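Two complexes follow with chain A in common, the first pairing it with chain B and the second with chain C.
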Partner chain A sequence: MNTLQRGINAMIEQIDAPIATFFTSCVHCGLCADSCLFYTETQDPKFTPIYKLEPLRRIWQQEYTFWGKLMSQLGLSKPVTDAELAAWEPLVYDSCTLCGRCSLACPVGNDIVYMVRKMREGMVASGHAPEGLKGATQRAIGLGSPMGVNLNTLMAHIHNTEKETGLSVPLDKEGADYMMVLSSAEIAEYSEIVSAVTRIFHQAGVSWTMASDGFEGTNSGIQIGSSDLAAELLSRVVRAAERLKVKYVISPECGHAYTALRWEGPNLIGRPYHFEVIHIIELLDQLRSEGRLRTEGLDETRMTFHDPCQMVRRGGVVEQPRNLLHMVAPNFVEMPDAGIQNWCCGGGGGVSANERAEPLRIKVFSRKKAQLDAIGVDTIVTSCSNCRTMLLDGLEHNSMNLNVVGLTELIAEHLAPASK
Partner chain B sequence: MADHDSLEHRLAEQGISRRAFLKFCAAMASLMALPPGSAVAIAAALAKAKRPSVIWLSFQECTGCTESLTRSHSPTLESLIFDMISLDYHHTLQAASGFAAEKSRDDAMQAYYGKYLLLVDGSIPTKDGGVYSTIAGRSNLDLLHEAAKGAAAIVAVGTCAAFGGIPMAKPNPTGAVAVSDLIKDKPIINISGCPPIPAVITGVLAHYLTFGELPALDELGRPKAFYGETIHDHCYRRPFYDQGKFAKTFDDEGARNGWCLYELGCKGPTTHNACATTKWNGGAGFPIEAGHGCLGCSEPNFWDAGSFYAPLPAPSADVTTIAEVAAVTGAAAAVALSALDRAKKKRAQQAHEKLTVKDL
Partner chain C sequence: MNPQDLLYWVRGTGLQIAAAIFVLGMSYRMLHLVLLGRKKSLAIPRGSEWAYGLRIMWQRSFVLPELSARGKFTVVAGYIFHLGFLITLFFLSQHIDMLRAILKFGWPALPRSVIDIAAILSIAAMIALLVHRIIDPVKRLLSDFQDYLTWALTFLPLLTGFMLLRSIGFGYTTLLTLHILSVELLLIAIPFTKLAHMFSTFVSRWYNGASAGFRGVKA
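Let's turn to the complex of A and B:
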């Protein structure tokens, strides 16, 4: 098989009953366009979400529909070519962050982002994936992290934390209740998270550990759209969690790590987990409601919360971060469209790893800027380290002087002393 | 606007505010299924419209069409709109009589030659030289040919003028025909119905004044905006039809429950008109709401199309059997086709070459 055949074969393999239903149901209303960041900020109709799926739709039509098959038999249909897939690569990867806003907008209920995810399977198999994302995936498979961090980097953070807090950071502790997984960006750039969770879990009396062979949750395989590679990355975490016999795996503040661990995982490995997955923010809110997480002092800064797409739209985690914020932030304000309809930071779904997409990503940050300009805050809190980096980047390009902080760290800063 | 002859000015004189006028324009736009922006265009055009001359000829008819137009919505804006055109000749409504009346028609035909709108209600008798209906000693046939010559367009109001109607019903002793049977060289709009819905008459006139052309027509020359769909399509009793719940007599349980009148001869499924949506008497209701089936009065030959109380023809074989056979055949075909699709997907899965990092 050449790469084109391999790509088309992958799409034929990926087309399932939902996809057939979605393509059949599409009424061509174009409402998905106005839900897409890349369309609203550019007004370029090629960024209409459903249009990004055109090659997949044609393959479905030619391979799975009665009339399409008949037309193909009679030689009347135009087969999908390699050049077309190449032309669609920027649409499928650069201008889609898998944010899922279009799926909510579709009046007939078509899960468009589900289809983009599936179409990427064919794109990567045909060799049409962005170089930046390929590199990230190669690093993730080869080195253990798309950003090239490894166990040594983590160990350094662990030692620092132990020195700073006087608490021990459990590693490879069999039988712990929770196994904490981190994101690549946290280990590389926001290492204060290690100290934050250590102190919080100590106060709340949480039995937890990290695993030396499964500490990294970022999943470039999901982003590039290869289930084969995604499964390999995910298996590291699953193996570690099951080796340590933990009851829960904690997803880090990372959108696609959450989606990979929580939603795609069991399908990728083809069996149920022997543990449950919970997002760090869900866990913190649970500890709060049980009275095990106590804070003191308030941060008077005017702040808002940026909902990561994967958490609100795919995960439905909306109330939890707000409950936590209300503990410490009296001047918290909501952005327009906050919650389920929040706009993407522009860098999800592998866009942040794709250098070619950067000018477009910076351009469409205008939406986030408008959201922020509407409320005039000093600090943005979020719960995804990739969003955090993308927000900082976008703010800098727009000369906006705002702080961006992670929610877990914000809570840790206001942690009440451990004594009862 | 200082144009004292303009419609808007005349309306203001009669106490019709601009707001009410715009509301009428928006209602007209939505009634005719025009894009929302059209309301403004209609308002602009009507505000400037200079009362085109209208000649209304009544032939073999019952004056029901005029009754419909003048009475049902009177004194709403719609009837005033009609006042606002220059109605230069109308048997029933004109003040003049005798020679004066005929003179005013002649004058209008001369003064506005090629520009006036000719409205006709009633069919035209042709047998025996058209002697069966005459006005001022002249046959309807003669009058129509004369008036049609200088008309910009002809509006055939009512089923008699549009399709021959009741005068043409068997055995048609007067040889009655429709306007379109006689006049071939002018645009003709058929506003059928016995009588037509008043808003449909005014709607078509408003469209003509606004755009200066006729609205889109169906194959029978009727404006699609009003006659595009059947009564049945929009009937509020349609859900009962779909559930198979029919009244069998006019006083049974089904009739009391408001079930579908199909078996009592309702012609709704074959009748194109806007009754079910526009309704009658200022929106109060339409015949089916009063418990009687549709007679099909806006369709050609409605009087001769069999009993009003005989149900429309239904499939000859048992519907249940047909449905069962169709369902079984369809299901079998679907199973076969989906098996093929499944096999295709399975082949694709077998052909899957595992993607490794080397492939990137």
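Let's turn to the complex of A and C:
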């Protein structure tokens, strides 16, 4: 079987009741265009979200509808070709961050991002996925991390933290309540997170551990759209958590890791977990409400919060980061469209790993710039390390002099001394 | 067949055939869609699929995100067309009489002047939407043959109905025959084209809302 046929078969397999219903309902009104930053910032009609699904739509029509079959019989239908899938690759990957804003905008209720995620399964099977994302996924499968970090890197951070804080960082501790998972970017670039959670959990008296064989939550398989690879990456965390018999796995500050661990995971491995998944921000807010997380001092800086797409629109975590910010940031202000309608940093859904997409990603950062210009802040707080890198990059390209910090680290900086 | 006989057939057997195709075709299509099924998520839900799915089915008709000028035009013209179409369909006294004969119950009609305004606005909105579909780069790119076909099939009953009420162009028998024929064409086309969105939209919204509800997302 050639790769085209394999891709088409994979797409046919992806067509379930929601997808068929969504295509049936689409009246080509074009309203989804206004919800997508790739359209709003370029005004190029090819970036209209539903248009990115055109090959999948035709496959659905030809395979599942009377009309499509009739047209095929009359020789009036246009079969999907390999060249067409190649041409669609940049639309499906470079200009979609799986942010899900279109799914909120569609008047007939189509969950468009659900369809893009499914279409990527067919794109991968047909061999049409971006090289950058393929490389990241291969590194994740082969080396254990899309950014090529390994256990040695983590061990170095653990030793540094132990030296700096005088606290021990539990590793492979069986029977702990919580298992902390990190994102690739945290281990590679934002290692202060290790010290931050160590100090917070010490103060709050949280029983926790990390696992030497399942410490990374970043899931390139989800982003490239390969359920097989996503399951392989995820099962490392699942095996470690179940080996250590923890009650909870803590998803790191990484949007797609949260989606992978929290929502897609059990479906990828085909069974429910023997543990629950909680986002680090959800956990911190829970500790706050229980009075176990106490801060002291305030940061008077004018700051705002960038909602990661996978946490708000696709994750339902909206209030928790704000509750935490209000503990330490009296001058916290919301961006326009903050919360459920927040605009993507531009680098989600695998775009950040796709070098080819970089010029477009930088261009559409103008949307984030406009949001930031409207409020004039000095610091952006976020809860996704990928957003953090993308924000820093976008700010740099626009010569904007703003700090970008992770929420967990911000809280750790203001931690009250542990009660004796 | 003389014009009277043709009208007799069209409003009798013809309408029955068209209505049967509509009812059976739509039932089949909707069942076919839903029976494709979807995998039940094994993740632990944070909220209710049903409650939020039902809410979005209703809410998405009214709550729309911030729109650009072209988006606003689509929404406003789209509302006028749909409302005008439904008002003329369900509140013109002749339509109610016909429906009463089938359903054995009726409801009060709206005054003719109101129906006239609704029909004119609906026709005007449809023409405006067609022009917009052709000149707007996004809509033009998305549109295919079916978009224009379904536009024409929806437009004809409105147009012939309006001509009939105002006695424009042809004699009563001819216009009535054309009007009913155009309705029959529309009824027959609905199950096989995107006109099926008249029902599937609500299922789409449910799936969308259910997925959000499951994750505890409150839009």
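Simple rule for what comes next: the second predicted complex is superposed on the first by the 416 of 420 C-alpha atoms of A that agree within 3 Å, B and C clash if a C-alpha of one lies under 4 Å from a C-alpha of the other, contacts with A are read in each partner's own complex, and residues count from 1 in each chain.
Heads up, the rule we're going with is that a residue touches a chain if its C-beta (ideal position, glycine included) is under 8 Å from a C-beta of that chain, and two chains touch if they have at least 3 such contacts.
What you are looking at is a predicted structure, and each value in this text was computed from that prediction instead of being measured.
J.: Following the superposition defined at the top, how do chain B and chain C come out on chain A, clash or fit?
T.: Chain B/chain C on chain A - steric clash.
J.: Quick one: chain B or chain C, who's touching more of chain A?
T.: Between chain B and chain C, C touches the greater number of residues in chain A.
J.: Scan A:Gly127 for contacts with chain B and chain C and give back first, second, both or neither.
T.: After superposing on A, A:Gly127 lies in contact with chain B but is clear of chain C.
J.: According to the stated criteria, A:Met1 is in contact with first (chain B), second (chain C), both, or neither; which is it?
T.: first
J.: Go through the superposed model and pick first if A:Ile15 touches only chain B, second if only chain C, both, or neither.
T.: Both partners, chain B and chain C.
J.: Answer with first, second, both or neither: which of chain B and chain C does A:Phe66 touch in the superposed model?
T.: In the superposed model, A:Phe66 contacts both chain B and chain C.
J.: In the superposed arrangement, does A:Gly142 touch chain B (first), chain C (second), both or neither?
T.: first
J.: If both complexes are laid over each other on chain A, which piece of chain C (76-84, 112-120, 148-156 or 202-210) hits chain B?
T.: Comparing the options 76-84, 112-120, 148-156 or 202-210, the clashing one for chain C against chain B is 112-120.
J.: Using the superposition described at the top, list the residues of chain A that contact chain B and also contact chain C.
T.: Dual-contact residues (chain A): 15-16, 64, 66.
J.: List the residues on chain B that touch chain A in their complex, please.
T.: Per the touch definition, chain B meets chain A at residues 337, 341, 344-345, 348-349, 351-357, 359-360.
J.: Sort out for me which residues of chain A touch chain B in the complex.
T.: By the definition above, chain A touches chain B via 1, 6, 9-10, 12-13, 15-16, 63-64, 66, 124-125, 127, 129, 134, 137-138, 141-142, 224, 226, 228-229.
J.: Flag every residue of chain A that touches chain C in the complex, lowest number first.
T.: Checking each residue of chain A against chain C gives 15-18, 20-22, 24-31, 33-35, 39-40, 45-46, 48, 50-51, 64-67, 103-111, 114, 262-267, 270-272, 276-277, 312-316, 318, 337, 340-341.
J.: Using the touch definition up top, name the residues of chain C that touch chain A in the complex.
T.: Touching chain A: residues 29, 32-39, 41-44, 46-47, 56-57, 60-61, 64-68, 70-71, 74-75, 78, 133, 136-144, 146-147, 191-194, 196-197, 200-209, 211-212, 215-219 of chain C.
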